[in-house]
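One chain, chain A, appears in both complexes that follow, with chain B as partner in the first and chain C in the second.
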Partner chain A sequence: MYLIEKNNVMKLAEELAKSYDLYGPVIDNETKQVFFNKVESASEISLTAEIPALPPKTVVFPQIERITQYKYDKVGKKAEIAMTYDDRSKAIFGIRPCDLTGIIVLDRFFLGQEFVDDVYKEHRKRMFIVSNTCVVPFKQCFCVCTDSGPAADEGYDLNLTEIGDMYLVETGSEKGKAFAEKMGLKPAGDEYIALKKKVIDKSISLFEKVATDNKAWISRIMNRVTTGFIKDEVWKHIGNQCFECGACSFVCPTCSCFNIEDHNRFDGSTDRLREWDSCSFEGYTKMAGDHNPRHPVEDRRNKRFFCKLSYSQSKKYLRPGCVGCGRCQWVCPGDIGLPNVVTYIRREITE
Partner chain B sequence: MSNMDNKIVTLPEIATIEEIKEEIQDVKTFYIKFDNPEVQKNFKWKSGQIVMLTIFGAGEAAFSLPGAPENDRFHLSIKRVGKVTSALFELEPGDKVGIRGPFGNGFPFAEFKGKNLIYVAGGIGLIPLRSSIVHALQHREDFGRIIVLLGARTPNDLMYQNNIEEWLKIPGFECYVTVDQATADWKGETGFVHTLLDKANVPVDNTMAFVCGPPIMFNSVIGELMKRGLREDNILSTLERHMKCGIGKCQHCAIGRTLVCTDGPVYTYKQIKTLGEEI
Partner chain C sequence: MDYKSGVCNFCGTGCGNYLKITDGRITGVYSSRNHPVSKGRLCVRGWHLHEWLMTDQRIDAPMIRVDGSLKKVSYEEAVNFMMDRMSVYKGKENKEIGFLASPRSSNENNYLFMKLARGVFKTNNITLDSESGHKASLNVLSEGTGFAGMTGSLEDIAKTDFILIVGSDLTKMNPIIGSEIHKAQMSGTKVVTICSRSSQIAKLSNVHLQIKPGSKKVILGALAKAAISSGAADSDYISKFTEGVETFKNSVNSLEPADIEALTGVQYSVISEIAEELSKSSSAMAFWSTGIAGLDQDTVSYIYDLFLVAGKIGKEFCGVNPIAGIANLQGGYDMGAAPDILTGFQKINSDAASKFEKAWNTTLNKEAGRDIYDLLADKNSGLKALVVADHDEGIVRYEKEIEALDFVVYFGAYDNPFIKHADVVFPVAALVEDNGTYTNTERRVQLSQKRIEPFENAMPGWKLFPMIAAKASQNWNYGSAEDVFKEITSLTPEYAGLTYAKLIDSMGIQWPCNDKNPAGCRRLDAEKAGRKFKFAPVSGNYKTPSATAEYPFLLIRGQGEHFWHQNNIMKKSYIPKREYNATLLVFPEGYVEICKEDAKALQVREHWGVKIVSGSGAMKVSVKISDDVKPGTAYVPYFIREMITEFLLEHKSDIGRGEDAIIPVRIERV
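Moving on, here comes the complex of A and B:
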């Protein structure tokens, strides 16, 4: 544990910017919206900004990216093909605990199953992560229901917690430790363990008053979702409200479905692109001869919530798939973000 | 033996189309050889597995491996249906393609020892079953009866006719064929494929059935087999879903809680029933 004065904390980001491409929460000057962007200078980053509209998963899993490039000379019968990995060193500064948990979920999914996803692995290989404890929740948050905040306890190189006019700097890796030493940070005394706990307890106590948008006691319904003992009417009700716009998947820090398409360029080469996709789209499982095995929209909804809320899927993530960021509730035109779905299912349980 | 380490997971390996054989209308068989001899040597598969085939400039798609695992030439039998497959049909021997795989679980052959094997295929449903049939015939003494029941729209839609003639020379191989619409010179059966079950007097005890074909045929055959007393977990099929990555990541092939590319494509009917989706 180390300490750094509040007005010096951005020096950490400045130092990181020397050896990494730096990403962090940025408040747009005009619209005041928050995005998690690549920045030219550390000063663009705001540690007090609300959670960004799109999660920082964009850094490790971009909306669209070229994964392979090839060229085929049909006359000479010569083919060349190569992966085009993103091998930059990237530092993310000021990621919130829910979004960091999102990255942990993606790590477990992309790196921890039968196959390793090499494209994702390259993104993650050279990364430095600085997380930021939420000393107050935002309106849409429910990380306390999903065990993913308001403070991070794993997955970071450095974790910042604002305590008075200082930031407590915890190290979560050798890399983080070496960096803190190199920066000559002042060690923090043991009293800061209790001080940090007090800050977190305060933050949790504020949820009742501040984070009023969403509640989702997911632990109560996981069993039901897993075993499938939910009335068809409930899924139908949920499905009927879905516009199949895909917004929920795009803003979700743990949604990772993608599509792969080959895009031919004028110079005769081809880019193989992978881009975000959503299980709510009708074309998602379409097959030859217009045969679509997953017809009704409620089945597709069922799929997304099964992915977030079932034990079987949790086995892949080693935790529930929802990290309580509230974004899907925020963007959904049908008002069936995950918290509302949990409510519908719970209501059916109590009735 | 596991060939896990020799799987081509991420970057397609370049291979050459050596030979192309016309099968039936819109279906051709492509014999393929990897350009890198090391890769060619190490490329091993199990019956029921698949590869992802890249056609340069068009894209990538999933195809079953019809070759027998031990000593068949690497080939794919492909029906022209859309973008990737149409681009493939433009290619000639000597052209290059890309291959990833093999992927999927394959048939659990060790469990079939000593059993009767019934294969029921409709149309190009014979493609994913060919590997298993040839493998079983190569180990004829390990199995009881080996019965192949084929249905096709017309005699001209029968896959692998040359192969079938070869197989018929193997003692104890039973094959019955029926077509929906006979042509003038057709001397065989007409009618749907499930009518062959009686003709062949299929066994049900100590028996595994493999069923592949269009959904309507699939359902009627399964119904008939179960009526005769075959158990749900002794009926196997391979499922097809839209596949993009082949390695369990894109989720395009998800059916309920299973992924066809890594958990499948081979499932028992018992499993298929619990997936909660159409075939």
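Moving on, here comes the complex of A and C:
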């Protein structure tokens, strides 16, 4: 544990910018919307900005990215193939605990199973992560229901917690420790353990008053989702409200589904692209010969909630697939963001 | 920051978005939380706008047709070639020339296109493509209220008390408007949908009046009759703000409850109850889709008159709201891309024309022109040359007629089936390759800013169209799209107070924006309109199509979400294209939706092929069994080219009736 004065905290980011591409929460000047984006200078980053509209998963899993490039020479019958992975070193500065949890879940999906995804690994392996404790929750937050905040437990190199006019800097890795030492940070005394706990307790106590948009008592419905003891009418009620836009998956910090497409370039070469996909789309599960294991829209919807909320799926992620960021709720044209679905299911249980 | 704010270019909702730009290329899209219309939402099309804009299927150079094939040339050569060849049509009041404008083009480009037609080629034969119903709606609203646009506001949907949806499925056509209505319903607004099919928006409504196909006018007339006869109609409002109610009363009074029930299949008591709720609500809005599957002018007149009877036009949180299916359909009409109007719905045969003559320093032909599709359909029309911009839709109906034309000019950013008929092709800078304003369905004028350089140096409209005008010795002098906009605002009263500076600082401004309303205008105001609202003339014709022993099914049609105007654009995306292909894979010839009972009677199962036979044609499709239609109703979504060319085209007169084009058919097992 170390300490740094509030007005010096961005020096950490400035230092990181020297050896990494730096990413962080940025407020758009024109519209005030917050993005998680690459910055030219550390001064663009805001540590007090609300949870970015765009999940930081874009850094490790972009909306659309080229993973291979090829050109076929028809005359010589020769193909030139180049794997073009993004291997720049990246530092993400000021990621919120929910979003960091999202990256941990993505790690378990892309790296922790039978197959290791090389594209993802290249994004991830030289990464430096600085997380930022939420000393106050935002309107849409419900991370206390999903065990992913308001403070990060793991996955960071450095974790910042604002305490008075100081930031407490915790190290979560050797790399983080070395960086803190290099920066000559002042060690923090043991009293900061209690001080930090006080800050977090205060943040949790503020949820009832501040984080009023969403509540999701996930533990109350996991059993139901896993065993399938949910009435068809509930899924239908949810399915009727699905506009099949895919937004819930796109904005979700843990959604990892992707599609591969070949983009023919004007110069005759081809870019092989990987892009975000969603299990809410009919074409996603469609097989040849019109077999579709999940044909009706409510089936596709309940697949997504099964992925986020069932025990079997959570065993793979070592936690629920929802991190309580609330983004799906504000992009949903229906009224079936995950917290609402939890409520619909719970209401049926309590009746 | 890589994310730059912008406006979606698919439907007429005008959702706000951000495009991600990396190294001068588009690499993503994201929704805009603070946008007053979309509030963080986008539909499946909007979430994949970047896939379309990234495409390399572009027109990369001007081309002219030499010995049957297209040859790349300079802009200069292409302009010379065009003007040489077009000169033969001069001196005949240019009845031989037609212009087909695009409801996706910016206001600036549509304005210049219109100016080219009228100012340079002296023709008023100009039509917006992909369209059948929006102009009809604007005609009704403009005649009745003087306001040629939606009288309410999308932002007010959340605050209105009662919503009536007539016809198409807004959750598919304009999903974010559908969403807004759904959210209003959840927080207490009463939503009533009139539709022959149990569409998603019907499922999300409080009341779904699943009328017999083709009986919309009957039920609208019945609602008005019920409101009037029960005394629920707002008589104070009618006498204070309207004129001509008697004629309308007479035409709905002829409807008898027993006939109403027989024609619509809905009980009169249910209709009465809804009429009362509509009239007594504190505020109410009506919605209907325009565009290819829109309503005809007569049906729109009934909706408008019903809302006058209920006293729900020109008041707070009220509105009669035609919903444009394409990004700049409203803007296209605002720019005068129609045979009879100049910008801001100013009539070509009025004094306004002389204002334009003075500003353009030329003379104009003041006789209204003809609709391009009428000209194409009419073998004796004498149309010889067609100038087309960013085409989506109509070509599929008139391919042979277009092929037979002497000369075709095409302006566009993307590869398009029209090119194979074109003699000259001009590349134009695409969305975000130049500044441009777009006017959404609620009259919101939004600026889409230049974010990347044009593909292969494609010219923006403000450079290209003046080059053509210069060949006709007209000096159009613009240094930017903004200069064009300044000219538009100087000639268009509704746009008079708009500037690029104001638009950059806002998320769009709703016209009229002028001295009286410097911040724009959310809705029409009966108190300040300075005139009475006129009841629209209605036909009083309640004849509905009926099934016969020979043709026992009534065929209705609608639009698929992933099939968007012949799919020229959707085919350039990945995910929406895949979704379309997923349907196509299962139903390669399209499908007809019928209910379980009918399928059983016909002895057919899901996916089985059937032949649909009407009085004028036949087509083969597969069966899809669905609870969404009632016995005796057959529904075909409009997404297969062959279906349109081989079947619906044989019903040209029916197609003109838009959504109410009900075709009696029989279904045969194959």
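One rule holds in what follows: the second predicted complex is superposed on the first by the 344 of 351 C-alpha atoms of A that agree within 3 Å, B and C clash if a C-alpha of one lies under 4 Å from a C-alpha of the other, contacts with A are read in each partner's own complex, and residues count from 1 in each chain.
Simple rule for what comes next: a contact is a pair of C-beta atoms (placed from the backbone, for glycine too) under 8 Å apart; a residue touches a chain by one contact, two chains touch by 3 or more.
Just so we're clear, the structure is a prediction, and the values are computed from it rather than from any experiment.
Using the overlay on chain A, decide if chain B and chain C clash or can fit next to each other.
fit
Now for A:Gly334: first (chain B), second (chain C), both, or neither, which partner does it touch?
In the superposition, A:Gly334 contacts chain C only.
By the touch definition at the top of the document, which applies to A:Leu318: first (chain B), second (chain C), both, or neither?
neither
Between the C-alpha centres of chain B and chain C, what angle is opened at the C-alpha centre of chain A, expressed to the nearest 10°?
80
Is A:Asn264 contacted by the first partner chain B, the second partner chain C, both or neither?
After superposing on A, A:Asn264 lies in contact with both chain B and chain C.
Just to be sure I read the superposition right, which of the two partners does A:Pro62 touch: chain B = first, chain C = second, or both, or neither?
Once the two structures are laid over each other on A, A:Pro62 reaches chain C alone.
Considering only touches as defined above, state whether A:Asp277 meets chain B (first), chain C (second), both or neither.
After superposing on A, A:Asp277 lies in contact with both chain B and chain C.
Can A:Ala178 be said to touch chain B (first), chain C (second), both, or neither?
The answer is neither, since A:Ala178 touches no partner chain.
Where does A:Ile193 make contact in the superposed view: on chain B (first), on chain C (second), on both, or on neither?
A:Ile193 sits against neither chain B nor chain C.
Rounded to the nearest angstrom, what is the minimum C-alpha distance from chain B to chain C in the superposition?
9
Taking the two structures together, which residues of chain A meet both chain B and chain C?
In chain A, residues 259, 261, 264, 277, 286, 288 are touched by chain B and also by chain C.
For chain C, which residues are in contact with chain A within the complex?
Listed in rising order, the residues of chain C that touch chain A are 1-3, 5, 18, 20, 27-34, 39-44, 46-47, 50-51, 54-56, 58, 60, 171, 175-176, 178-179, 182-183, 186, 200, 203-204, 456, 504, 507, 561, 574-575, 578-579, 581-583, 585-586, 607.
Can you tell me which positions in chain A touch chain B when the two form their complex?
Per the stated touch rule, the residues are 68, 70, 72, 74, 77-79, 81-83, 109-110, 113-119, 228, 256-262, 264, 270, 272, 274, 277, 279, 284-289, 291, 293-295, 299, 303, 306, 310, 312-313.
Chain A touches which residues of chain B in the complex?
Touching chain A from chain B are residues 9-12, 14, 16, 54, 56-60, 81-82, 94-96, 98, 215, 240-242, 244-245, 247-252, 254-257, 262, 276-279.
Where on chain A is chain C touching in the complex?
The contact residues of chain A facing chain C are 26, 28, 30-33, 35, 37-38, 44, 53-54, 58, 62-64, 240-241, 243-247, 250, 259, 261, 263-266, 273, 275, 277, 281-283, 286, 288, 290, 330-335.
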